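What follows is chain A paired twice: with chain B in the first complex and chain C in the second.
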Partner chain A sequence: MISKKICLLGDFAVGKTSLVRRFVYDRFEDKYISTIGVKVSRKSLVVAGAPASGGGASGQGAPVEMSLLIWDLAGSEEFDRVRASYVRGAAGAILVCDLTRRQTFDSLPQYLTDLTAVVPDVRVAVVGNKSDLVDEQALSPEELTTFAAQLEAPAYVTSAKSGAHVDDMFRHLARAMLT
Partner chain B sequence: MNPEIVQPILSRKRIAYARVDAALCLRALGGDDTLLGLAPGDIGQPLVVVVPELFGSEAQLHAVMTGELPLITVPRVNRDGPDGDVCYLDLSVFPSRDDDAAALLVVAEDVTELARAEQMLTQQRNELALLRDRLAEQNMALAAANAELRQLDQLKSRFVTIAAHELRSPLATISGYVDLLFEEEICGPLSEMQRTSLDVINRSTARLLHMVGNLLDLTRIEAGRLDLTLQPVEISPLVHQVMRELKPLAEDKRHALEVTVADDLPLALCDGERALQVLHNLVANAIKYTPDGGHIAVVVCCDQEPTFIRFQVSDTGIGIPPEEQQRLFEAFFRAGNVYQVDARGSGLGLGIARSLVELHGGALWFESTPGQGSHFYFTLPVGEPD
Partner chain C sequence: MTETTDRASSIDPAPPSAPSPATDHDEGEALELLRAILLEQSRARMVELQGEVNRLQHLLEMLEEQVNDDDALIATIQPVIADAISSSISDSRDEMIEALYPITGRLVSKAVTEAMRDLVRNIDNQMRNAFSLGGLKRQMQARAGGVSQAEMALRSALPFVVEDLFLIHRDSGLLISYLARTGHAQSDSDLISGMLTAIRDFVQDAFGRGEAGQLEEIDYGDLRILIEAGKYAYIAAVVEGFEPLGYRGQMRDVLYRIEHNHFRHLRRYDGDATALASAQEEMRTLMVEQLRSRDAGAAAREASRLAEQRRTAWTPRTVFFVLLCFVVLLLFLWRMWSLFGAAFDLALLTDLWTL
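What follows is the complex of A and B.
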């Protein structure tokens, strides 16, 4: 089994803990509880591996069993200082913003800078969470996609509450970490 | 450090530790083994498998072992406690020796009590920040709505100004020709019926001109464009002019008019026309809103504040209901009991009067009891002594 470390980064209250809880336990809690420090969760999954050489661009490789160690990191500013020590050894990172709070999207470049300073080759996914709050959207999916495209990363609009696209996003990143 | 000092300090802490060999596998456990959730069966397992918070730190672990790094730490590790609540650990990895070979010592300290306090603080700070952001958004929306309202208000003011100007010229022409017909009889002698009809036209035109004047004043006051010509003014002639003008109206309603102007009254520093307008408005209101056969009193004297002259207009009228007194100076507001005296009005005069007084640096206020009458007061500054 291949083990990989994934870190979730983003401002406080964007839904990082909720995304992990949805993916790992398929649960959601409406009450906001601030995370301090780090919570590591483990999730095993089987993904299609990278295509064997000569298998064609659209081909899929043999299924790969993976163990994801998902690091849910505090979004609060007081942990900025120690965040670098948390992300070391990460193979993947999820940059999360809240679609209803534009300033959380504006913070993402700084998280990316801090991340790549420690782990330059990390695979990234960009996530706009809280798509269920339809009437409060302050950010368009196009803006998210444009930003992700600059990083050559996938963009996902998710809802930890409904579960929309959460599993897809983690699986996409898991596959990307295999290549 | 002296063990006699270290021992009491350590005895107060919940600590677990693990010895790790050069291959980064567990060799021994100690301390409170419930903290890291490790059991003797884990001996021999890779450290990063049984302590997942150290996964990814293999290079740093080797660096500690070789002395390149003094230690590594992972602060505030969240673990599920036995009671289902989160407990918090600070993880540290130090260099150590194992049978004279390089090794590591992993120490986990329970910092739950402190971390829970930190968590509560963080929670409150974050919730406050979320509220602040929401408030900022609402403020922005309100500011945008305000800007739109201001724009609409300016548009309304422009419209009122233009409309009032356009109305005033033809009204003045009508008024002039009615005067010629009425006073000069330029088209020959008038029959009683014609006189009555012209009188109706004349009164209606005067009322319209008065309303147009009020609208223009209101828009000028709102725009801060109403200018006063301040000069020393003798008050007594001004008061008597108002009383002369309004005497016919008072007589129509069989009111008793009483005027008292103090003998030693100094000159007022005011715009005579505007002072006259204010007093005229108050006395006209007193006449209008007092049932037939009432008593109207005008008193002018020095104010308790020696730099002001005080005017008082009292009536025995219908009064103003207490619940409506706050709104009395609002534009277009009329009290709910005006039907008792069938008085016409636009609800503009009082607000304009108060603004005019305040532009002079004075004040306008009232006391009123429904069914008994009202007392309106205003002050104007005393002119500079010669």
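What follows is the complex of A and C.
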């Protein structure tokens, strides 16, 4: 079993906690996010490992059992000292924005800068959440993909409400963290 | 080089008229010979320099490798740094003491505080039990067992149970190793270690104010979480009761051994605890020794009895109150005697005489 720490970053009310709730086993209540600024949840999963050198044509290694410790951080306008200590030791991070609020997308580069200042080698996934609110979209998936491509990171358009692509996104990041 | 070639050209006595092919060939050979003679030293020097460049390039590559490989870099510079520090200490002792004071001062202060706390507990315990029946019994047991009365009293009076032990990676909060008193692994131990790390970080950020302090203990009802942190990991012990003398030191020793033995894995912990499996055996010493050294039920009963004894005992305040009442009674009797005593005595003596 390999354990990895993942942090969720993004502005207030972009749906970070809802994404986690969709995906994981919760033991602690969400109130911790507003009290100490973080809540830790866990998801155990099995993913295809990194291909061994000279491996087969499939490009996949043996299955690996993983335990993702997901740190759901309180969203705020600035990256304060507390959050810097919370992202320390993270192997992966999910930058979340709300597809119906463009300003939440605009703040992602700042989150990324502050994140990589603490953990330079972190694996990142870019997520546009609330895809179910079709009529209120203020951000196109292409813009999200372009931004993610600059970071060489995967981009996902998700809906915590319907569960669309949530599982795929976490699995993708889990695999990326193994390489 | 150009100069040499020019000189060679000037020596070359080639006629301006069109020469025969045989003459050309001879002249070419002669020119080559001349070049070889004139440039031999330069060529040899060039080969020598090329060799030197290759050697330096190889050296540079090796250095780059060592600089990029943290372990190799540490191994390389460690002896030099150790020598430099030793030399600095012997040359300028006062300056070194001044520079290190912020670190050593805090460490000494922490150690003294801990030792004082242990001492106070010890004295308190001795005072409470010195003259009780239990105390006398313990004195005899201590003499028979060859240990001090304080240790004997502490052993029986303070219940102490280690419920859970966590070894947690300091930066990421990932659980490295876990032990439970019941032997059953708690399914949420990794979540607890994550949240505990978050709380530690929160306290440090909120109250640390840039200083090197850290959260050492959390109290909740009968349970306490004792935290001992190292450079790469920390141990959290969930305990019930008061830890015996030296337990924190024992935690520190175990953590030091784990960090020393698994330095490379802990420094770049990737979430795979397989290589750190032996750390659990080190941790077990913190769990098993404490459980063996006491009978939890008997100690709890003893602690309860002592508490009851303290409640019913004559405290200084009670003694003072009783003495005060006694003095007031004496004053009252003396006053009564001074008012009616003489008449009472006279009547009594007359009656006795008549009889």
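Please note the rule applied: the second predicted complex is superposed on the first by the 161 of 179 C-alpha atoms of A that agree within 3 Å, B and C clash if a C-alpha of one lies under 4 Å from a C-alpha of the other, contacts with A are read in each partner's own complex, and residues count from 1 in each chain.
Everything that follows uses one rule, which is that a contact is a pair of C-beta atoms (placed from the backbone, for glycine too) under 8 Å apart; a residue touches a chain by one contact, two chains touch by 3 or more.
Values in this document were obtained by computation on a predicted structure and should not be read as measured data.
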Which of chain B and chain C A:I33 touches, first, second, both or neither: first
Contacts of A:R42 with chain B and chain C, given as first, second, both or neither: both
Touched partner set for A:Q103, first chain B, second chain C, both or neither: first
Touched partner set for A:I2, first chain B, second chain C, both or neither: second
Chain B versus chain C as contact partner of A:A13, first or second or both or neither: first
Touching partner for A:R21 - first (chain B), second (chain C), both, neither: neither
Touching both chain B and chain C, residues of chain A: 3, 5, 32, 36-40, 42, 69, 82, 85-86, 88-91
Complex contact set, residues of chain A against chain C: 1-5, 27-28, 32, 36-42, 67, 69, 71, 81-82, 85-86, 88-91
Chain C to chain A touching residues, read off their complex: 169-175, 188, 190-191, 194-195, 198-199, 201-202, 204-206, 270-273
Residues of chain A defined as touching chain B within the complex: 3, 5, 12-13, 32-40, 42, 69, 74, 76, 78-79, 82, 85-86, 88-91, 101, 103
Parts of chain B lying in touch with chain A, wherever the complex brings them together: 52-53, 55-60, 72-78, 86, 88, 115, 118-119, 122-123, 125-127, 129-130, 133
